[in-house]
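Chains here go by letter, A, B and C, matching the order in which they are written, and residues are numbered from 1 within each.
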């Protein structure tokens, strides 16, 4: 099927709900023969499960981080300069214990969650993911396996791109999930088989970003610069924990977990990966971005633990 | 020319720094440490041994200069001696730590050479492994009454014991060789031809033979019946490409006493990748 | 390692059943979903060993290093060593606190990330909190509630040790920084042509390495361990100060909880396949990753 009529003239593609898919994607999906991102062993394993690959699907989105301009966090009343939580997220304040005011001495500091960053990221991730799922739905798929996601910044442009790739499949003798949206998983092949055997059905790949900004106060600033004596930072009484920064790191990871948990709605997250990136700004300030990704799965039968495996020693 | 493979007199018995002594004391009071993986730990136990402690020996050695004739292939005996002595020092100190713990032997020995920027022509030679002791109360020390050393992994150690052989010691032979540069006429003469380069062949042959012979001599001194797991390493270290150190390493073994029936292995074809 | 012979479940039926569970809308769940970073294989092994994952937990500590510490001196750099050890300690304490909050008995598969910078040392620990699925903690009821264990052993190694009657009790760690000693010009000249051991260097490096190992041992004893397995010793000069060398030794402290060591009796196998490179029909940016 090549989109040509019997007379050789191109015909309009049949009416598939394309959503906001680019034209090129619509044309590719119509070509008929499927492509899949599966390796040969993975392909064999998925046939074993009764999964039939239907198409290679992808979704893509580039997001720009903007402070100003319409649609930005700033214009919607969020600001990094508010006291307290501003956007309703995590925040913790630190006050100078020295009783001393000067232009150089930062008497006040804060750990602040940055919901505008998190929201922009979630939107980018969600949009790219939705586009991939739309491509799959257009093909009548029940699920998408072997999802590969790539999140990267295009250098120095202040933009982040989100790219999803996966293999859309149908379940032999099965139906799509309630609501018509295909399920998805990072797994493919043997690992997916084991997961199904163990009684876990993939629901979706989920991910979240938590972004915490550290506005250092005087003690943190001096400790991060190793200032000794003067009573400002290091007091010589043994190693000094930099409480503000440590707490910020913990918070970033805990928040990422909290955001993901909200998306689980009682299901479980398996095979999670945590990636943490810190950007150090001057004078002890930094931004900590923590991304948590994993497979959301639901138990569909009682769990049957496998028998303890036999230990072996290989010769050669 | 002195035979570089002759054992140099080792350092004094209590040559170890005081920190080592303190650490070993802690180990003698019941705590064990080991760099064995969990797999290796379990297999060492299966073989009837128990780990005592992680033992180390090191020496920072300065390698002296040796002049050489540009056009002749020859062994650089001074360098050979240096590489040998430095490793011996590291190994001996490691053996001392093992002896301090009352071990029967050391498994998983690794010999490393580290270069630091601040040392010209000097390198740190380190030997480390896990000291073990037999649980059946018999002594497994070697013919010289010292704990055996071996670079066998936990898996190989277990497999070896299954065959009824016992390690005696890590044996090594080393030879630092200078490969002659070819004269211009020689190089031009053979340009573009498929031809054997006799001086290279001869040089590399001789160097490897020297290294292996010295290794076998060491095994002989231990009254071993054979050497397993022989590895031949060739490195230029920091000397440039015409000077190569050939290092032959292996574990000398003897047949143990007692009847041993070899277990029959199951053949499998694994279908996963 | 091999798994037991599969009893050939009907995979297609299982897959259909799974898909069906999503086709009927799920009842709203009140349960708190667990998050775990174990791979499928590890999760199955953990369950086979009678334990279950609870939650992904983390502990992070940033400790300050006073300025001037890295300037050339003599001997051990105790301020830096203390800072490093304190950072690991604090991070482990934070990790255990998180584990306690979800009623976990310990944390396995801990990934240890250490960054040593000029003015601070950062240690981040991430792992999965676990507890026995049914039945009791082999350490005994009181021990389990008092102090969750922290271990960088994978879930696989954890279950293997359990079978043999051992349990991890904590992360054993020790660090020591040392200055590379200077030689006087006269000594340097004299030594430049000789094969000779540089005794002051040897002493310094030896001392630092032993010191790191000793601290590791002490931390193992404090955790109530009888031994330490999987000891790793890392060493190297600091990127920002090449004359300062850092040594770190860590491993998992373990204790025998059964009456005696349980032998595993492994089977010798002789695989008949060659090491083949798996042919990939389409390799998109490499494998799909560990999920």
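Note that in this section contacts are C-beta pairs under 8 Å (C-beta built on N, C-alpha and C of every residue); 3 or more make two chains touch, one makes a residue touch a chain.
Computed from a predicted model, the values in this text were never measured in an experiment.
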- Pair with more cross-chain C-beta pairs in contact, given B-C and A-C: A-C
- Task: Give the identifier of the chain nearest to the protein's overall CA centre, each chain being represented by its own CA mean.
- Result: C
- Item | Most distant chain from chain A by Cα centroid | B
- Distance from the CA centroid of chain A to that of chain B, rounded to the nearest Å? 49
- Task: For chain B and chain C, let me know how many angstrom lie between their CA-based centres, rounded off.
- Result: 29
- In whole angstrom, the CA-centroid distance of chain A from chain C equals 25
- Could you list the positions in chain C whose residues touch two or more of the other chains? 2, 160, 264-271, 278
- Task: Could you tell me which residues belong to chain A and also touch two or more other chains?
- Result: 41, 311-313, 315
- Quick one: which residues in chain B touch 2 or more of the other chains? 42-43, 159, 265-266, 273
- Message: For a test of understanding, state which residues of chain B touch chain A in their complex under the given definition.
- Response: 42-43, 155, 158-159, 265-266, 272-273
- Task: Would you tell me which residues of chain A are touching chain B in their complex?
- Result: 41, 190, 311-313, 315
- chain C contact footprint on chain B (complex, rising order): 16-17, 19-20, 22-23, 26-27, 30-39, 41-43, 45-46, 51, 54, 56, 58-65, 78, 81-82, 85-86, 89, 114, 116-122, 124, 128, 159, 162, 263-271, 273
- Sites on chain C touched by chain A in the complex: 1-4, 9, 11-12, 14-26, 28-41, 43-45, 47-50, 55-56, 58-69, 79, 82-83, 85-87, 90, 94, 118-120, 122, 124, 126, 159-160, 163, 264-271, 278-285, 287-291
- Item | Interface residues, chain A side, partner chain C - complex | 35-41, 43, 48-51, 142-143, 146-148, 150, 165, 171-179, 183, 185-188, 191, 193-198, 200-201, 203, 223-228, 233-234, 238-242, 245-246, 249-250, 253-254, 257, 260-261, 264-274, 276, 292, 294-295, 298, 300-301, 303, 305-316
